[in-house]
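First up is the structure itself, then whatever we jot down about it.
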Amino acid sequence: MSTQSNSLEKQVGWNREEMAKRAALDIHDGAYVNLGIGIPEKVVQYVPEGREVIYHTENGLLGMGEAPAPGEEDSELINAGKKMVTAIPGAAYFHHADSFAMIRGGHIDICVLGAMQVAENGDLANWSTGAKDAIPAVGGAMDLVAGVKTIYIITQHCTKAGEPKLVESCSYPLTGQKVVKRIYTDLAVIDISTDGFKLIELAPGIDFDTVRDQTGARLIDGRT
Amino acid sequence: MIDKRFDSPAEVVADICDGATIMIGGFGEAGSPIELIHALIDLGAKNLTVVNNNTGSGHVGLAALIENRQVSKMICSFPRTANSTVFPDLYQVGEIELELVPQGTLAERIRAGGAGVPAFYTATSVGTELAEGKEIRNFEGRDYVLEYGLKSDFALIKCEQADRYGNLIYNKTARNFSPIMAMAAETTIAQAGACVEAGELDPEVIITPGLFVNRIVTVADPARESRLVAEGRRYP
Amino acid sequence: MIDKRFDSPAEVVADICDGATIMIGGFGEAGSPIELIHALIDLGAKNLTVVNNNTGSGHVGLAALIENRQVSKMICSFPRTANSTVFPDLYQVGEIELELVPQGTLAERIRAGGAGVPAFYTATSVGTELAEGKEIRNFEGRDYVLEYGLKSDFALIKCEQADRYGNLIYNKTARNFSPIMAMAAETTIAQAGACVEAGELDPEVIITPGLFVNRIVTVADPARESRLVAEGRRYP
Amino acid sequence: MSTQSNSLEKQVGWNREEMAKRAALDIHDGAYVNLGIGIPEKVVQYVPEGREVIYHTENGLLGMGEAPAPGEEDSELINAGKKMVTAIPGAAYFHHADSFAMIRGGHIDICVLGAMQVAENGDLANWSTGAKDAIPAVGGAMDLVAGVKTIYIITQHCTKAGEPKLVESCSYPLTGQKVVKRIYTDLAVIDISTDGFKLIELAPGIDFDTVRDQTGARLIDGRT
């Protein structure tokens, strides 16, 4: 099934940009936000006009701005993905312990991350495949999910091999337990509820049964 | 647009309820947010637990808040200082509770509260009566006592300059507890000597980044506690 | 007179012995004290335990130190990054040890080491394999894992400016781990873009006060790791 | 017995200034030093020329200078005793947690404090008489003795009532256990050794037996 929109066909599902755009709708005015590497980084482009959002990067900057203009790059002004960025007027620099005090102390409102698997109880696996020969690398993922008030996930609904990423329980090593609040996939927006996965919204051209069939655990229809 | 500036001390303290825990910045008069404390006296919230290094002096500021019978418990390291009679008098007749904490443990507990650390071990107070009843644990041959992170509902602090995001800078030793109290409070309220435009504060020198601060009110010419005390002033 | 300035990177690292634990500042190339690392390669001390967020890239700086077989163990949060092959290759053949620590836990452990806190509790990693075998304790209904303060024999860091007392300021996100590593090391060695007279740094904006710093060497025009990597350079 | 020097009589013992002066001889060049309130504050006046010493005050200043000139006072630049001070060129300000990280993390070389009692094992009592009706107040004393590398005590050898302050074990509530290294009294300089109180030096006009008689525990003669 193609999830790419195509001007010649009826749109089916959301592409990466649209997933980021949908997630951006849930970033409230005045939010302090940390965005993971990959699709989550795109969220910044789609926050609705009129909302002022402050971006935190765990390597010591609150008030991260856009990518620098050519010629304005500074190799000592980077984000957690080690890309060069800028600082907005009103930004602040701080050291790593202070930066993670923001995260671990519950001072960041929203973190948007990618996922390998999300379990119906909100468990998240996004740092390791657990493969014996892999080089383990965790970065700040476990700190973010343990400390940030609200964790949003943007992910394809299934792996490239077609396996569900929304599962009863994660088979990959966990990043955190019961941490995810909402998931934005190419097919739908799904909340973690006390009853498990709860569908909130369908992507264009997608019906409930399609999402249910591609979800590895019970899916409740929460559309009102 | 994010704009944390308010017009008056009365507005920024208006939702402080009876029973709240409030951290108040300052070491003696240096850094004491006297206009915010006086607004809290005007408000009248009672049964407060207050965290401050001291207990105020004379009959203004923190001492006046205590004298007004709004404080049921103080958490502090040094409750008696020069010109401090209000707290000692109430304490001796059993009308106010005291949790005495070594100054460094107090600072570290506040920082821990702000940094998501529920408890930590420290060598301070081991073998003294302030460690009685607390868990002692040996690490690498030395004993340490378990102390708990401290959080609060509100922090009232004073700073030199602020911007609309809540970024703060302080003046000299008036900085003291304020940056860590700003981290540990659910709602942090700062009185600022001046508010400047976003971007005017150098991002390298901001001491308290704005995400720790919720409300700012400009008090351009704050009262000086020691002068009020010398003049024998009382609040209200 | 206190004067912590030295003339060359070789001098300031000269007493680093085999088996030392060394914290190295930097997040990727930002803040990496590449000239000090290269001096340590020239010195040849072996069997080192190195604390850094990453493991270097290309064949210069930290990657070169590892490639030169001077490091027996890395303590870090993210040992593989773009252009990072030296550590992964040695790790996969079992020739270097890895202690993987979540980035925030790493930062907090380093700060704790510097602040006299032997151990603390954190929610990070609870329920994951990185908490396996560690003490779990419940505070107010939530589980936390016990983590230990981390100290080192040396810290090698990079800063923007220093004075003879060892007061330091940094540049933007090159600050990262350096201020806390300066606290946690027995001997802290800083390479500074410039040395200024005592009093030239505003006391309000000093990030690392001099008592945390033991030796300073000016490296006015430090190499940029990413450029060296792009050029395919190797050290030595 | 008078311990005041007097130009008409032969000097007997050290006065407060002389005790501070003797302690100052043991402050090494380059030391980071925290001075308690009272006689310890006087040490700063007597550090020998040619030694550069940096003074820390726990309320957030490293590089404390002298009292301000009249008209230069700043009520937001004070020391731990809440007296107005100055900052030297090269000073730094920091918040309370950072300040006590310096103390508790073992970064201050020397702290000079007063005492109510010192026990022969180095236990110190200097914060409370333990009286039921007293308002307890500890300040930073317990942090200093637990964290600073070397603790020096300046105290009268006996109380005003003539009771020894150097004792077998403290009757007053402890500030810290086994923390004192050296004591400067009006009569002598005494170290805490593994064998207990060890006399290092006598004040002018004082003999060993006099010190021994006024010491509430065994006194070893450690003069070489």
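Going by the order they are written in, the chains are A, B, C and D; count residues from 1 in each one.
By definition in this document, a residue touches a chain if its C-beta (ideal position, glycine included) is under 8 Å from a C-beta of that chain, and two chains touch if they have at least 3 such contacts.
Note that the structure is predicted; figures quoted are calculated from it, not measured.
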| item | value |
| --- | --- |
| Touching subunit A and also subunit C, the following chains | B |
| Of B-D and A-B, whichever chain pair has more C-beta contact pairs | B-D |
| Whole-Å gap between the CA centroids of subunit A and subunit B | 37 |
| Distance from subunit D to subunit B - Cα centre to Cα centre, in angstrom | 30 |
| Whole-Å gap separating subunit A and subunit D, where each centre is the average of the chain's CA atoms | 57 |
| For subunit D, residues contacting two or more additional chains | 61, 87, 93-94, 97, 100-101, 103-104, 146-147 |
| Residues of subunit B whose C-beta touches two or more other chains | 108, 111, 115-117, 122-123, 170-172, 203-204 |
| Pairwise touch network: line, ring, star, complete, or other | other |
| Pairwise chain contacts, counting only pairs that touch as defined | A-B, A-C, B-C, B-D, C-D |
| Residues on subunit B engaged by subunit C in the complex (per definition of touch) | 108, 112, 115-123, 137, 139-140, 142, 144, 148, 169-172, 202-205 |
| Complex contacts: residues of subunit D adjacent to subunit C | 29-30, 32, 52, 54, 56, 61-63, 87-94, 97, 100-108, 146-147 |
| List of subunit A residues in touch with subunit C within their complex | 57-61, 74-79, 82, 87, 93-97, 99-101, 103-104, 123, 133, 135-143, 146-147, 173-177 |
| Of all residues in subunit C, those that touch subunit A in their complex | 27-31, 77-82, 87-88, 91-92, 98, 100-105, 107-108, 110-111, 122-130, 170-180, 207, 224, 226 |
| Contact footprint of subunit A on subunit B as seen in their complex | 1-2, 111, 113-117, 163-165, 167, 183, 197-199, 201, 203-204, 206, 209-212 |
